[in-house]
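Each chain gets a letter, A, B, C and D, in the order it is written, and its residues are counted from 1.
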Amino acid sequence: MVRDHVRPGQTLFLGGFGHAVPFALGQEIVRQGIGGLTLCRSGADILFDQMIAAGVVRRVIFGYVGNPGVGLGHAFRRAVAAGTLELEEWTNFAMILRLHAGRLGVPFLPARILGIGDQTPATAAAARIACPYTGTELTAIPALVPDVALIHAQQADDEGNVQLWGVDGDTVEGALASERILVTVERIVPAATLRAAPERTRLPAHRVTAVAEVPWGAHPSWVDGAYGRDDAHYRDYDAVSRDPATLDRWLDDWVRSGGGARCTDLLTDDDLAALRTALGGAS
Amino acid sequence: MTALGETARIALAAARELADGESCFVGIGIPSDAALLARRSHAPRLGLIYESGVFGADPPGPPLSTGSPEVAAGAAMIADGLTAFGELQAGRISCALLSAAQVDRFGNLNSTVLGPYEAPKLRMVGSGGAHDIACLARRLIVVMPHDPRRFVERVDFATSPGAAPRDTARRRALGLGPGPSVLITGRGRFEMTADGWRLAATLPGFSAADALEGLPWGTPPGPVPGVAFDAAALSALAALPHLHEPSPAP
Amino acid sequence: MVRDHVRPGQTLFLGGFGHAVPFALGQEIVRQGIGGLTLCRSGADILFDQMIAAGVVRRVIFGYVGNPGVGLGHAFRRAVAAGTLELEEWTNFAMILRLHAGRLGVPFLPARILGIGDQTPATAAAARIACPYTGTELTAIPALVPDVALIHAQQADDEGNVQLWGVDGDTVEGALASERILVTVERIVPAATLRAAPERTRLPAHRVTAVAEVPWGAHPSWVDGAYGRDDAHYRDYDAVSRDPATLDRWLDDWVRSGGGARCTDLLTDDDLAALRTALGGAS
Amino acid sequence: MTALGETARIALAAARELADGESCFVGIGIPSDAALLARRSHAPRLGLIYESGVFGADPPGPPLSTGSPEVAAGAAMIADGLTAFGELQAGRISCALLSAAQVDRFGNLNSTVLGPYEAPKLRMVGSGGAHDIACLARRLIVVMPHDPRRFVERVDFATSPGAAPRDTARRRALGLGPGPSVLITGRGRFEMTADGWRLAATLPGFSAADALEGLPWGTPPGPVPGVAFDAAALSALAALPHLHEPSPAP
């Protein structure tokens, strides 16, 4: 799926705001060495950091890059220091609005933010406009239309309708803003099962380019109703990612040699059972 | 009282700022802990809102991320980030809590870089929703451990804008919230004035001199009252083990 | 609830796009004779027409007023001809965007519509703006913030969190855009029941002014999972509303003497059972 | 074939305009019927989208409203109106079907008023989503019964803008769709040209003269082919009873 639909140099939206982060898809891109990419989303976690460490990322468009609740993104931090990563830095709300504008098919949306405080080069370049009715000064947040969205979700049917529930953040905004949508799911379900709960469908089949069944495809993040978040993995990543050589060996073990769903091969059956019944997982 | 760790003290003191029935936009860490403490003691109808789009949350344990299972578990509503920030921008959320790496005299917060933006000494995580919250919240409470390195005359980068008089005028023109009005540290409670933070109260076990120790802003104008933690809050704290660690006496 | 929170002359958003139309709330306003109202929504059905016929409406802000699939709104049509109703006429997408702007707290949102074709006085007065990035000419759709939203939904808990699923249209947009929200529900449920499915909650407690349990409160429209749409009632309304005197008698029977949930008193038990098991109802 | 009612003929002819895998924005009545016929015959993966926010619908019976139970029953996705119109504005929906009270030479449609706006002879329902669809659809098919009163040189009110050459230039400047390209009546299939509608084909049982009878626009440029309805479509029609009523021979 990745081989057919992701090209070097493209702009990719990565789904998952803490929940349902598309690790399997992102790590497959690392394995295939598809480089020169621009990654975007509002709040990004260690999948961004891993892809930066693996050298496939040229540029990030973001509101936050780190290891939430744990600390900094160390590969991100080093790449900034080395000058090997271009930054286009917004805020989380600004990123959501950039994607919302893309999704709605307008070139910009107005917002009250970014008119005060220190600005990054990106936000300093944003246009200021006046509301034609009230005169209020607003920031014109430019639309963002990524080439490809990478999404992990609970389930899809054969036609490609995708059901995703639980924490969303900007996942659906980013998917619908994108030209193409690639999806991994925990399971493929019959069309009748999906159509019995149409409110859970968030991406309609005609917008979805390809779907693959990849259980555990969001590990170490979590999938509501399937498995909990592997917080220990996020904490471990902080330790291994502080040193570039250690991180490189870790990427060999966890990403390059298998990765994605298969990185769960490195967990014991007991580990997986514990995650399955963890908070957020199946009960 | 000196057995209370710094995180617990800040959470207890910040919780006192929140009234029952309010809605409160919170992030991970002490902001989340403080709001939860309030909800579990004097403010059972406090609505916790996370930028991930979760409303009416009641985390059973400390989440690492605003998108963590603890935030979703037992929440009243899961929507999306557009809904959360949209409600904030529309002035429909009564207050917010923020923390950061640095805070300065006028409540500017820095979570972007130490040093210059183009050649940082330390590149940090960036705004996330912090800039947006600092612009849009109708009432903003800042929480910070008492680590003097974090308190500076002027932050290296004002990720989240403060309430200097010049900024206050601009905020009014842009239809923004007033900026930070209260700062809770591990030792004191500060209020924003036209001259910046003014010590308004001390936390149990600390003097005014303790609360101001190492800070770049001035002495209190006179005697400063002490904050008292009530029994309901302390009992709620006991049920939140991660906040209950002892800490060295000051 | 209506007595405490609705004042003459206010602007009311009426929820329900075909589904879950707040008939009980609207008809209670008629019974209490709260007049001089402005009603707004995108696509409005016969509840608008009935309130116009009852004389409580001064003005409508709308994209469509009619009897969907059946015909015109006859009281609406007559009031326009008589000059007793002020029209502020947009389109459905424009109305959705007006409410969306209100919900997001910005004074306008840009859109590509309303720049071609004949314009109503309202749309002709809409400002045209240029995108500061692309130069594209766009229409600035002004925000709409109704005083009160009237909403019917499946269920709520004691705190006031409201769950609404199935067809939405602009119902949630309009509710969140409004200063106050009044809600009738088919049933009040325990907080634990509601919190077990938080994705179904669409209005958070702190935004909801009041909730009342009013089973059948959306009849003759429908409630997903509870009862089907009473299409025969909509067809009958077309017949009775063609003549003002007949309509007035009908309003006495169906609205003024009881109305809302109680208008189902006029249906037989067999009628109600049939609606309960109709398409869309409980199975 | 003359046993087919007019509604059935229009739906059959319009269904032929829709390809498998397309997404199609439809309203109530013949637009919905035509798309459903296509889905049940040659286009099983046609995605029906209603302005109420329903995607991938497959109505088991004819809905009265876009928010009716028939639209929701068995749908693949229920979202909201913002999602439906947003996808349309972003050019993500491949086609749309519209009808109205009046259509004119350049495909302007009227569903607002007969007579002047300020003093109408008949006040109708208004645009609903029709203006939005006519502006934004990437491909637009108009369906109308062959009732000469509905075909006019210039509509009383252009609720839904057409494709006159002047409008086409303006559409391009505004980033809109091209406007209506095909008109299906109960007797013929018309295509939009720089001079307005041109008869391109006749429906079974009707001559070119029948198709143009009473219409304010011209004669065909030469021989006009006939549209043939295939067996799959006729058999899908048989399963839609409300479309299968007989009608008087023309």
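Points worth noting:
Rule of thumb we're sticking to: a residue touches a chain if its C-beta (ideal position, glycine included) is under 8 Å from a C-beta of that chain, and two chains touch if they have at least 3 such contacts.
Worth saying up front: this structure is predicted, and the values here are computed from it rather than measured.
Looking at chain A and chain D, the chains in contact with each of them are C. For the pair chain C and chain D, the distance between mean C-alpha positions equals 27 Å.
Centroids of chain B and chain D (each the mean of its C-alpha atoms) stand 57 Å apart. For the pair chain B and chain C, the distance between C-alpha centroids works out to 40 Å. Multi-chain contact residues of chain A, defined as those touching 2 or more other chains: 105-106, 111-112, 136, 165-166, 199.
Within chain D, the positions touching two or more other chains are listed as 54, 72, 78-79, 82, 89, 136.
Of all possible chain pairings, those that touch are A-B, A-C, A-D, B-C, C-D. In the complex of the two chains, the chain A residues touching chain D come out as 102-106, 157, 159, 161, 176, 191, 194-195, 198-199, 201-207. Of all the residues in chain C, the ones that touch chain A in their complex are 105-112, 127, 129, 131-134, 136, 138, 140, 142, 165-166, 199-200.
Those residues of chain C whose C-beta lies close enough to touch chain D in the complex are 16-19, 42-43, 45, 62-66, 68-70, 72-73, 76-77, 80-81, 89-94, 96-97, 100, 111-118, 120-121, 136-137, 165-173, 221-222, 224, 228-229, 231, 234, 278-281. Note for the complex: chain B touches chain A at residues 28-29, 51-54, 60-61, 63-73, 78-82, 85, 88-89, 108, 112, 117, 120, 122-132, 134-136, 157-161, 167, 170-171, 173-176. The residues of chain D lying in touch with chain A in their complex are 21-23, 45, 47, 49, 54-56, 72, 74-79, 82-83, 86-92, 94, 136.
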